[in-house]
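Shared chain: subunit A. Partners: subunit B in the first complex, subunit C in the second.
Presenting the complex of A and B:
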């Protein structure tokens, strides 16, 4: 089981290295262990996260790609769909029926034909367009809805800190 | 058996289910999912993906004191000699179907050649439908390897080569076995989408065929219904006879052939939520 997972992860790594999608770098932290990856995600242009480079960790189960990986940002994040501890909460990281947040039934779900690349692209769209219905971070969801200026200010501070810059 | 039914069974047995007091700070959904995993693990540890051939009469013992079922088993025994059980993990239809069919191909070279050609072409058809080439290829490669392992026995000189044993080994290797299931799910999804105007009528509610495929066909562990069986048997041109054994009054066990009017090459026994393989006399 882990054999097919390893083969698949190696192939995905190769693919991501040869044809990296814009704004994404991802690969195993240590080539001895293909089941733990690090990803760097660039904040999408024209959003409050523009310019930031956000590190995250991906942990793959032994039966990947039958089951999805888990993903967690390792930097500070403030976003309606990211838990305070950095765990990412989007539908593509869950198989249908596997539903901690009660996602819309039409939302994109995990299936074995999805890939790391698809996940990371979904995360970029999530950064650009938070879903304030699924509140992994209720405070962030509320602020996103009610006080966008304050939300943007926090985002800017986080963006600067990912670049090693002091708060504005 | 569906996961829901299983949870019910296990809860009733009061077995291995941790009793926890309600704690509002704990995400209840996550707890339920954790319990689900536990149940799945129990099944994994106790039931092989595909079991050995058993005498059909072994089924009778399961229904001591249940006259309706006992009578049905007796009636079925007139038609079937053996049964082979599969693990109830939501993939049982796909696993039972592919095992039974490939086992048949061991002795049918002509049918094997037809099927191999169709299987080889199937990847391009999926990619043409918009499935991502990169990930489809992963499953297709394994699928073809498993098929070719069956074909290998056609060219082997010693006719006594235990092809069946090889197949059994492949299907009880979780990696290979699950990849075959995934690929059949993709073929099923492809067929549904290709002929969506027909299959739309079978889908309840406002779901589109595409959504149905993403939610009920492509993901692993999702159980199969008539619509899956019709689509897969049509896509592969392989007739399936399913014997439906439920609590209905009739002592006969109803047979359904998919696609309708086809000559059955594979026989399956359906009991609510689960499929096993049948071998006719």
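Presenting the complex of A and C:
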């Protein structure tokens, strides 16, 4: 089982190395363990996260691609759909039926047809358009709804910190 | 019947595992392998010399009349130069009136040894060419038509006055002569009421330690065995005559066969087993399949750092027949890409002959197919796989659809996918650093920041 997961991960790694979507990079942190990846995603333009390069860790199960990987940002994040510890709450990381947030959206769910690239692109979309019904981070969701200016200020600070720049 | 001081290992017959009856390896290991290596130049010269000498022996054997002591003597001398030596033991037990000799089976050339000392003939079961066979004591007794015709023809042969002694090896196939005997086929014990006595013979074979090559390992071919016969200094057959045995009135042919099997086994300190020729063939088949599988597994182990190398090796191997092997590979691909239909996988595998290449082909969109619904995702509608742009998201949600003129600086692609893990990790690290650096520069430019060290 792990052998086939390994083949698939290798194939996806190759695909992402030769043909990555712009502003995205992902691969195993150390090839000794092919099941733990690091990804960098760039904040989408025209949003409060624009320009930031956010690092995240992807942990793959041994039965990948039957089960989805887990994704966790390793930098500070402030977003309605990201837990305080960096874990990402997004439908593509859950298999159908597995519904931890208690809502069954029509959005894409995990299936072996999905891929690391699709996850990362979905997360970028999520950064641009938070789903404030899912309260992974209640404070962030509340601020996103009620005080967008304060939210944007926090986001800008985070963007700068990911780039190693001093806060505004 | 049994006295305690008689070694008679008729213990639990199933105790000997079938694989112990045969040797899998022809060549010795350790010191034996080194002496064999040193000996091999001489061995090769011997093979060439003996090959040509063989013609002369063949001619002499054809010219000289059968069953004369002169022929027997000349043939034995010449055979010795060919590397076949025969020693007789307990000749007092040899009863010339008994026309059936029964022995265990060790090599495809046992009958040659018997032919040299007894002038005996043996039914052709090993596929000897007729012209060659008669010279070395092989005659056609209809063994291929089954036991009945073999028994009939053998009986007819022995009815003839001054007929040659019949040499029978009722095991039907060779063993290594170290653990046990195969079950005796009752045909030489069923030749009619006038032929109820047999002369049991315990055969053993020995080769000098300098070239201790197994005469007939599992799944070996007759002509390969012949080559090594000519290669080794000599092969010594020891023929030990056991007292003649007669079938008892109340004994069936099968019981008689078993009794003789026990006698010969006891003389050689072997176990008589219930395994038959077909058990050996079955074991042989399984052994060959395992060998094949082992070599395939060795060439296909999914080692991350050497996937490229494996691809090369797989490509260089011969064509894979559309068989179980191809199906096995298809299932491996299916495990990785469960949504791809098997027939699409098999089609590409037939061309690529490699699990990894086919996976890459599918991921790169070179294989057109309709995605199959997967059990775990059965409730959702599975989108059609887009071969022209694999793993791409829907255009609306992609941030790359709103790229600017600065976009090229955020390109993270590598020109090639390095072959070794360390190169890949280095390239990954460099591309990460470059992405952060470019993003930082872009951010500074766009926001018109004035930060020391970052302004151009």
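To be clear about the criterion, the second predicted complex is superposed on the first by the 165 of 168 C-alpha atoms of A that agree within 3 Å, B and C clash if a C-alpha of one lies under 4 Å from a C-alpha of the other, contacts with A are read in each partner's own complex, and residues count from 1 in each chain.
Please note the rule applied: contacts are C-beta pairs under 8 Å (C-beta built on N, C-alpha and C of every residue); 3 or more make two chains touch, one makes a residue touch a chain.
Quantities reported herein were computed from a predicted structural model and do not represent experimental measurements.
Superposition of the two structures on subunit A shows subunit C clashing with subunit B.
Contact with subunit C, but none with subunit B, is seen for A:23 once the two complexes are overlaid on the shared chain.
In the superposed pair of complexes, A:125 makes contact with subunit C only, with no contact to subunit B.
When both complexes are overlaid on chain A, the residue A:44 reaches subunit C alone and has no touch with subunit B. Of the two partner chains placed around the shared chain by superposition, subunit C is the only one that A:165 touches, whereas subunit B remains out of contact. Of the two partner chains placed around the shared chain by superposition, subunit B and subunit C are both touched by A:115.
Of the two partner chains, subunit C is the only one that A:14 touches; subunit B does not reach it. In the superposed model, more residues of subunit A are touched by C than by the other of subunit B and subunit C. When the two complexes are superposed via chain A, 131-139 is the only one of 131-139, 239-247 or 257-265 in subunit B with C-alpha atoms clashing against subunit C. Within subunit A, the residues touching subunit B in one complex and subunit C in the other are 1, 3-5, 7-8, 11-12, 15, 65-66, 95-97, 109-113, 115, 118. Residues 1-5, 7-8, 11-12, 15, 63, 65-67, 95-101, 105-106, 108-115, 118 of subunit A touch subunit B in their complex. Chain contact summary for the complex, subunit A toward subunit C: residues 1, 3-8, 10-15, 17-25, 27-28, 30-31, 34, 38, 40, 42, 44-46, 51-53, 65-66, 95-97, 109-113, 115, 117-118, 121-122, 124-125, 128, 159-160, 162-166. Against subunit A, in their complex, subunit B makes its touches with residues 27, 29-30, 33, 131-132, 134-136, 138-139, 142, 174-176, 178-179, 182, 186, 207, 211, 214-216, 218-222. By the touch rule above, subunit C contacts subunit A in their complex via residues 302, 304-305, 307, 332, 335-339, 355-356, 359-360, 363-364, 371, 374, 376-377, 379-380, 382-383, 385, 390-393, 397-400, 402-404, 407, 410-414, 416-417, 421, 424-425, 427-428, 431-432, 435-436, 439-440, 442-444, 446, 449, 451, 454.
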